[in-house]
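Two complexes come next, and they have one chain in common, subunit A, joined by subunit B in the first and subunit C in the second.
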Partner chain A sequence: MSYQIPKFRHPQLPVNDLGYTKADYEGSISTLCAGCGHDSIAGSIVKACHELSIEPHKIAKLSGIGCSSKSPTYFLGKSHGFNSVHGRMPSVVTGAAMANRNLTYLGVSGDGDTASIGMGQFAHVARRNLNMVYIVMNNGCYGLTKGQDSATADEGSVSKKGDANIYSAIDLCATALQMGATFVARGFSGDKEQLVPLIKAAVSHRGFALIDVVSPCVTFNNNPGSTKSYEFVRDHAEATGTVDFVPMRKEITTDYMPGFSHEVTMHDGSSIHLYKMDENLDPFDRTSALISMEKHRASGDILTGLIYMDKDSRDLHDVMETSRRPLNTLAEEDLCPGNQMLKNINASLR
Partner chain B sequence: MKQIKSVNDFVIKFANVNGTGSASANNLFAKALFRMGLPVSPKNIFPSNIQGLPTWYEVRVSEAGYLGRRGGIDIALSVNPQSMAQDIKEVRSGGYFIYDNTKPLDLRLVRDDVNIIGIPLTRICNEEYKDPRQRQLFKNVIYVGALAALLNMDFKVLTDLVGDQFKGKEKLILPNIHALELGHQYARSQFECPIGIQVKTLDSLGDQILVDGNTALGLGAVYGGATVAAWYPITPSTSVVDAYEKYARRVRIDAGTGHKNYAIVQAEDELSAIGMVIGASWNGARAFTATSGPGVSLMSEFLGLAYFAEIPTVLFNVQRAGPSTGMPTRTQQSDILSTAYASHGDTKQVLLFPSTPRECFDFGALSFDLAERLQTPIIVMTDLDLGMNDNMSEPLAWDDARRYDRGKVMTAEQLEEGVEFGRYLDVDGDAISYRTYPGTHPNRGAFFTRGTSRDEYAVYTEKGEEYEKNMLRLMRKWDTIKEYVPEPEVVAASEETDVAVLYFGTSEASSREALDYLAQDDGIYLDAMRVRSFPFNDEVKAFIEGHSQVFVIEQNRDAQLRTLLMAEFEFGPDKLKSVLCFDGTPISARNIRKQIKQYLDGGMVMPLHRTKIASSAGE
Partner chain C sequence: MKPTDIKDPEYFHKVVDCQHACPAHTPVPEYIRLIAAERYTDAYMINWQSNVFPGILGRTCDRPCEPACRRGRLDADEEPVAICRLKRVAADKKDDISERLPSIPKKKNGKRIALVGAGPASLTVARDLAPLGYIIDIYDNQFAGGGMMRSQIPSFRLPIDVLDEEVNYILDMGINATFDIEVDSLREVLDKGYDAVFIGTGAPRGKGLNLPGLEDAAGHVHLGIDWLSSVAFEHTEKIEPRVLVLGGGNTAMDCCRTSKRLGGDDVRVVVRSPFEDMKASPWEKEDAMHEGIPIYNNHVPKELVVEDGKLKGMHFEKVEAQYDESGKRSLVPTDEPLVFMEADTVLMAIGQENSFPWIERDLGIEFDKWDMPVVNDQTFQSTNQKIFFGGDAAFGPENVITAVAHGHQAAVSIDLYCRGESVADRPAPGVTLASQKMGVHEWSYDNSVEIDKRYVVPLAPLKETLADRKIEVELGFDATTGYKEAERCLNCDIQTVFEEVRCIECDACVDICPTDCISFIANQEEEHLRVALTAPASNLAQDLYVSEELPTKRVMVKDENVCLHCGLCAERCPTSAWDMQKFLYNVSKAGQL
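Then we have the complex of A and B:
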């Protein structure tokens, strides 16, 4: 049984700056298991995009294969979607982003799709700093094939079948940092208050933005002994701080404690406020971020929130110096040098 | 002693050490002959190595205009002691063996039926140059100068060419001309020039050009409007993207802003490269990748997605000898089956077979029109022989009135007007549906692209009848495709015959030459068809049906095109006989002639086992 999106809408649903209601950002009915963390993440994506006032059709949502990768059907129904090949979403997004730099690219993947079959593409899209949001719906197991451990399952974590995982886990945030990602965050599907501003900040970031979202699998990995169960994550999550995202041109009204906060202006003019809980973490310093992650890993806690951001990030189009006009809008006069040029080339080949 | 005597008709083979700068000197030699108006066909035979291993460069000169590999060496020029024993063995009786005699030739190698010409290249260099690098580089130029005297080449053509080649690096012109003169003078003072083989200036080439197929293909991508290139380096395809980049830099950088009207991404592997092409094409850009056999294997899963989800995809496959790493620097046409049916499930892919640089350019540009019109992968099948060797070709040409065919793309205006949109809906009977680019319209035209089965409106479904309907539409689209792909070329024999040959790609030149010999010398007449694409057009079927016996000439072991013909048309094995060459060298006219004669002399009795007609290397 899936949760159903109600067909009726309150006539006075709040609209965003563009006049869209939240319903305009929803998708079709989910076919995931009831209570699946992925559906909560889909809800957070809907809320973030609505509040950001992005035109729904100016977002492209792409995914690989697996439960997570099915989820783009369940949000942003007015956006083009692409459910591609297992582990290969990053390459498809890369090509799409090369063709049109003016859309927002939202990649959705899972832990199998990213940390196993897609590890290579994940590493390389991070190092190219492609302007995209990369959300991993991380449940530590292969849901569609009935619960095998994935590469992000912690060593010793017990699956529903009862076996403890004998391999060490891949930490996608640490991997992304080392591969050169310019925005790295971790969320929890059960904590929308934290996740929504993280998604907004990631969308506004210019460059590769990873959000690794721990998203318990209610059917195969929510049992005692699992380190990706709701209970375990609630007990062990430790946030880097809280994040407020302030859209461009909005008045900043939030209070914050002096000395513990950062205000960061994003490339598009919006800003984020960070309220730090961990004085030792400097989220604008890669080394500090890596050390903090390693400390939490050693103590068995799950570090959530914004972990790292490069404020001066230059994305792939910037470094490649591609045309500001989307390449897919160029026509013959921009692209084809004509026969006279070919005659000159012929002459050089004699 | 017997001396081969000929004017404007010979094969010379240079034997060098890889990485010693011989390639540019050998190229200078071939290009000078080309500028003298002689039909030339240079071929690099090189190892998978950067420095140190033997490498060869074979140049055929043929006043008759035969450009395929002939087989047999008239002149060997050997400056590589590693390969000298093999090099002298290959020389035809009465031919010439030119070598560096600074060290005397091993007496065991001497043949009394070969004219041996020693030039002390190392000694001349040691006397003339102090810098070891110069000694090595100019050694090559010196032997070109010597050849100019021995063959009676127009020396001025050579010196002019040096001037052209070093335009912008004028300091290098005089030293190179000096080195040419050193060799020229030595040969003239020591030997009776010309030798039995010589060249005479001709005026036979018109406006032809000398260019490698990969350069032409890269140019085709520029002219065809490709804006996204994604690739992973692999021999022998790498120079396609190199050429695309070279010319894009020249013609695609906005003069005002300095920004590029193209994007080239070197991917982490071939899977990623084709993924990027699919993503870019899905998003409305013209995109391509270039690869070779191993890359095609890796791309095969994505090719299935592009076929099934109907995403325009352009792939240039420069074939090399497989399987596995095979002989990565040798040529073959051995990816026919792996591309034609690439991917799991029921798939069929469109293949184009160019045979000249001009066709590489034309098909390269055309592939983007076809991919967008037909919404499916288009695979241009060239090979190492065409791609990496300089080939004489008709000049490249572009019709400035030509517009790109962007295929069926529904616009925001059409959606606004309320035109019905179903991504996989066949609205006009050609089995090709309209697509939309992402971001087109706020409320209409968005759809979900997926590799899973779906209905005509792109909605996921696992209903068998919907799946079947879609697969049958793809078969009807396959028929539409036949109307768009290049038609075959037919050459009728000068006498009526019911026997024919069928070939494609780089087998053309040698096949045509073999047919001439068979007609002139053996009285055997064969009609000929050059297939230029898959799916096969109806003419291909009619041609085969119109002959009692068709020899299918191809450069692989398993007769892959023949298999494809049998699978698509259900011709029996008796109808189609194979003429094969798969030793990694381009197929030669002598080889083709020999194999066809073997069949026909045997009173049309065919050996059942194909291995009996396996090609003979170097023929």
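Then we have the complex of A and C:
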């Protein structure tokens, strides 16, 4: 058993704008089960952050409890991390984000962590449109505690134990949409080509960005009869379209069929290209997104890709008109502006 | 691309870079692991089977394996594993091996073979044929066996007792060796009724330069290889103080270092080419410079300056290397005044050549326009079916390990020929592929990758070694350093073997692979694949391992180039679609069919 990843990397690894290779965004060797989908998502996060050229120390990764919530140890080893309490990641991110708006916040959670014990927190952080990326590694079970059905397990889905789930499933994308999330996407751990640009777009989005990533639990929920197995997801995934993330300075090189393609400029100046496969979905319209999701649910397909995005999103800092500077950079004269200022304020209230 | 045929032994053989590059295809990682396990005798025997002279080669091999070693490709500041010097560790630390040597049948098979020359090529033929019952007669014009290993390689690089030990393992196999005999007619040898004759007489003639002044200076100008053998055979014990050595190859390096030990105090090497283009191995140049011998490059010898019948020195013309578009070099004079260097003795070490004045030209052996025998490079047979060539005699000067490799193949041919079989039907290599899995994530080899830099072999104090030409310069690794150096080996023979039907395409192997070797991708032509993989596969000398099509219509493609053989792909694979399997490749020897 290996406890360390060898030091050597491919000698021709590409470097990003900061001069870093992908290796600078990796973490320690994973202790998850071999073949766990969560590891692939970790790989996609590494790739996305490297390609976005974010300085590792400008990222904070926060999580709850579960195999999924353990996974931040296995990526972004040079970033800030906070492994919090079961289901409570959103409140910790809220506090951190309010204190320092200059970091990229990456919340990592599981379906148990989010849809059961953390459901209340999840609803409220979406509703507040906190500027963060919220990744759910969704395997339809509580992997860490040996595979009990979670609230996202589909009705009738069979886990390794052999019993079909009798409850109806919570669809986290639909829930987030209804709670007011401004960016909603679904991915599959086994499809990096789709997932990496989704993560990049989510990072560039200002506001609450949910990516619900179906991520098979090879140990407890990858058996025939499970709707969260590699095979089932491959057979039933249907993409809304392809998303191409275009960094701010790069030219657009791909040709898109007119009529089906959208170009969206993000807050940070980068843009995303959306090439639609589903003509009936308008990903900038909440109602259209909800209808499309409901249709796919009814037909037993898993809708993946970018489902909804509010181009004019205003995040929690915008609506609360908070300080533009991180609190830890405020000096005494900012916080105690002096007697005259106090007088002015009091006068304005008279 | 077509799926890779891993049943073809050459596929995985090529992945074991060192073994593939070794002319004798010694199973390098296998013996390195045995050294790490302190099983020195076992490590020695693996070498002995394959390269016959582990103690000699562990000190003197030209080591074509090392530039090929994967370790040197991993990083700009990574150096190859010290494969050669680890061989010496096995030789230095082994126990008595007499019990392990092949037994020689008392009853012979009735076939008589003559070997002309007793260098490494002939000795290898003898080693392979004697255990099969052949009667072997060796003829050599030196007083003892070993060829140039005895006459040319100086004792400070190769002590006599090491040479004697390994030469005697062979001569003691009941070989009839006749020394101090010059063979001056091949016809006479054939007339003795041999079933086959092997010619391993090397490339014994030194080249000289016909410079103005040569006649007058004659007594003070020597051919390098003749001078070295007269030192080795103790006919020469001294040299005058100021020595110029002409030439940039290994012979020049041995000449200058030997001169330094025999009284040469201003010894210089003067070479026509730029320093980087010199033929000598980098370590030979380093060793010479370490002993305080300057190397003057870009100096073309012009004349020997003789005054009053006495050699005063030499004139050289300074040149500069210019390269045309095709990279062809020409040495263009810089038009500076000639450079004069003082000298009492000049050693010309500019090359050797073959010479076969003793082979009659009507024996059915065809000679080409360079007066070299026409020899098949697989079977080593000449155009006279009975007569085989090998070592430096076959295709010109090479090195000991090449001579050994030739000897093995010639022995295979001689055995086939004497049994009336076609020499063209070469026996396939002996190959095994065996899983190294011991438990869920346990391997029977040490799969961790050490980060140690290459260890340097300690040297004896310069003062001592310069005072006595018989004191060995290199001390060899001790057991601890040998272990650490052995641990640097990546075990390139432990192959990553992929089984498509097990793969669920979970990507775990792709994610974990430290060097991004693995991709799952739509199949395409090789040139397109090479740029489309997870990381570019730009080393065209290394193959891509391509699977059959997988359920998602993609294929698995693995770039073998910088695989660390760390086994992490197999550890992280939930279905054991990857397995680590030890690939042993043994060149078949005579009698192994």
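The definition used in the following text is that the second predicted complex is superposed on the first by the 328 of 350 C-alpha atoms of A that agree within 3 Å, B and C clash if a C-alpha of one lies under 4 Å from a C-alpha of the other, contacts with A are read in each partner's own complex, and residues count from 1 in each chain.
Keep in mind that, in the parts below, a contact is a pair of C-beta atoms (placed from the backbone, for glycine too) under 8 Å apart; a residue touches a chain by one contact, two chains touch by 3 or more.
Because the structure is a prediction, the values reported are computed rather than measured.
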(request) Return fit or clash for subunit B versus subunit C, each positioned on subunit A through the superposition. (result) fit
(message) Touch test for A:10: subunit B only (first), subunit C only (second), both, or neither?
(response) second
(message) In the combined three-chain superposition, what is the angle centred on subunit A between subunit B and subunit C, taking C-alpha centres, to the nearest 10 degrees?
(response) 130
(request) Look at A:292 in the shared chain and tell me whether it touches subunit B only, subunit C only, both, or neither; answer first, second, both or neither. (result) neither
(message) Tell me the contact category for A:230 with respect to subunit B and subunit C: first, second, both or neither.
(response) second
(message) According to the stated criteria, A:42 is in contact with first (subunit B), second (subunit C), both, or neither; which is it?
(response) second
(request) Would you sort A:100 into first (subunit B), second (subunit C), both or neither based on which partner it touches? (result) first
(message) Looking at A:129, would you say it contacts subunit B, subunit C, both, or neither? Reply first, second, both or neither.
(response) neither
(request) Aligned on chain A, what is the least Cα gap between subunit B and subunit C? Give it in whole Å. (result) 20
(message) After overlaying the two complexes on chain A, where does the subunit B footprint on subunit A coincide with the subunit C footprint?
(response) none
(message) Which residues of subunit C touch subunit A once you look at their complex with the stated criterion?
(response) 73-76, 440-442, 447-449, 451, 504-508, 510-512, 514-517, 535-536, 538, 551-552, 562, 564, 566-568, 571-575
(message) Which stretch or stretches of subunit A touch subunit C in the complex?
(response) 1-2, 4-13, 29-30, 33-37, 39-40, 42-43, 189-190, 192, 216, 218, 222, 230-231, 234
(message) Give the list of subunit B residues in touch with subunit A in this complex.
(response) 34-35, 207-211, 219, 222-223, 225, 227-228, 230, 247, 251-252, 254, 257-263, 265, 267-269, 271-285, 287, 301-302, 305, 395-400, 403-404, 436-443, 446-452, 460
(message) Going by the contact rule set out above, which residues of subunit A touch subunit B in the complex?
(response) 55-58, 60, 62, 72-73, 77-85, 88, 90-100, 102-103, 120-121, 123-124, 128, 317, 320-324, 327-328, 330-332, 334-339, 341-343, 345-346, 349-350
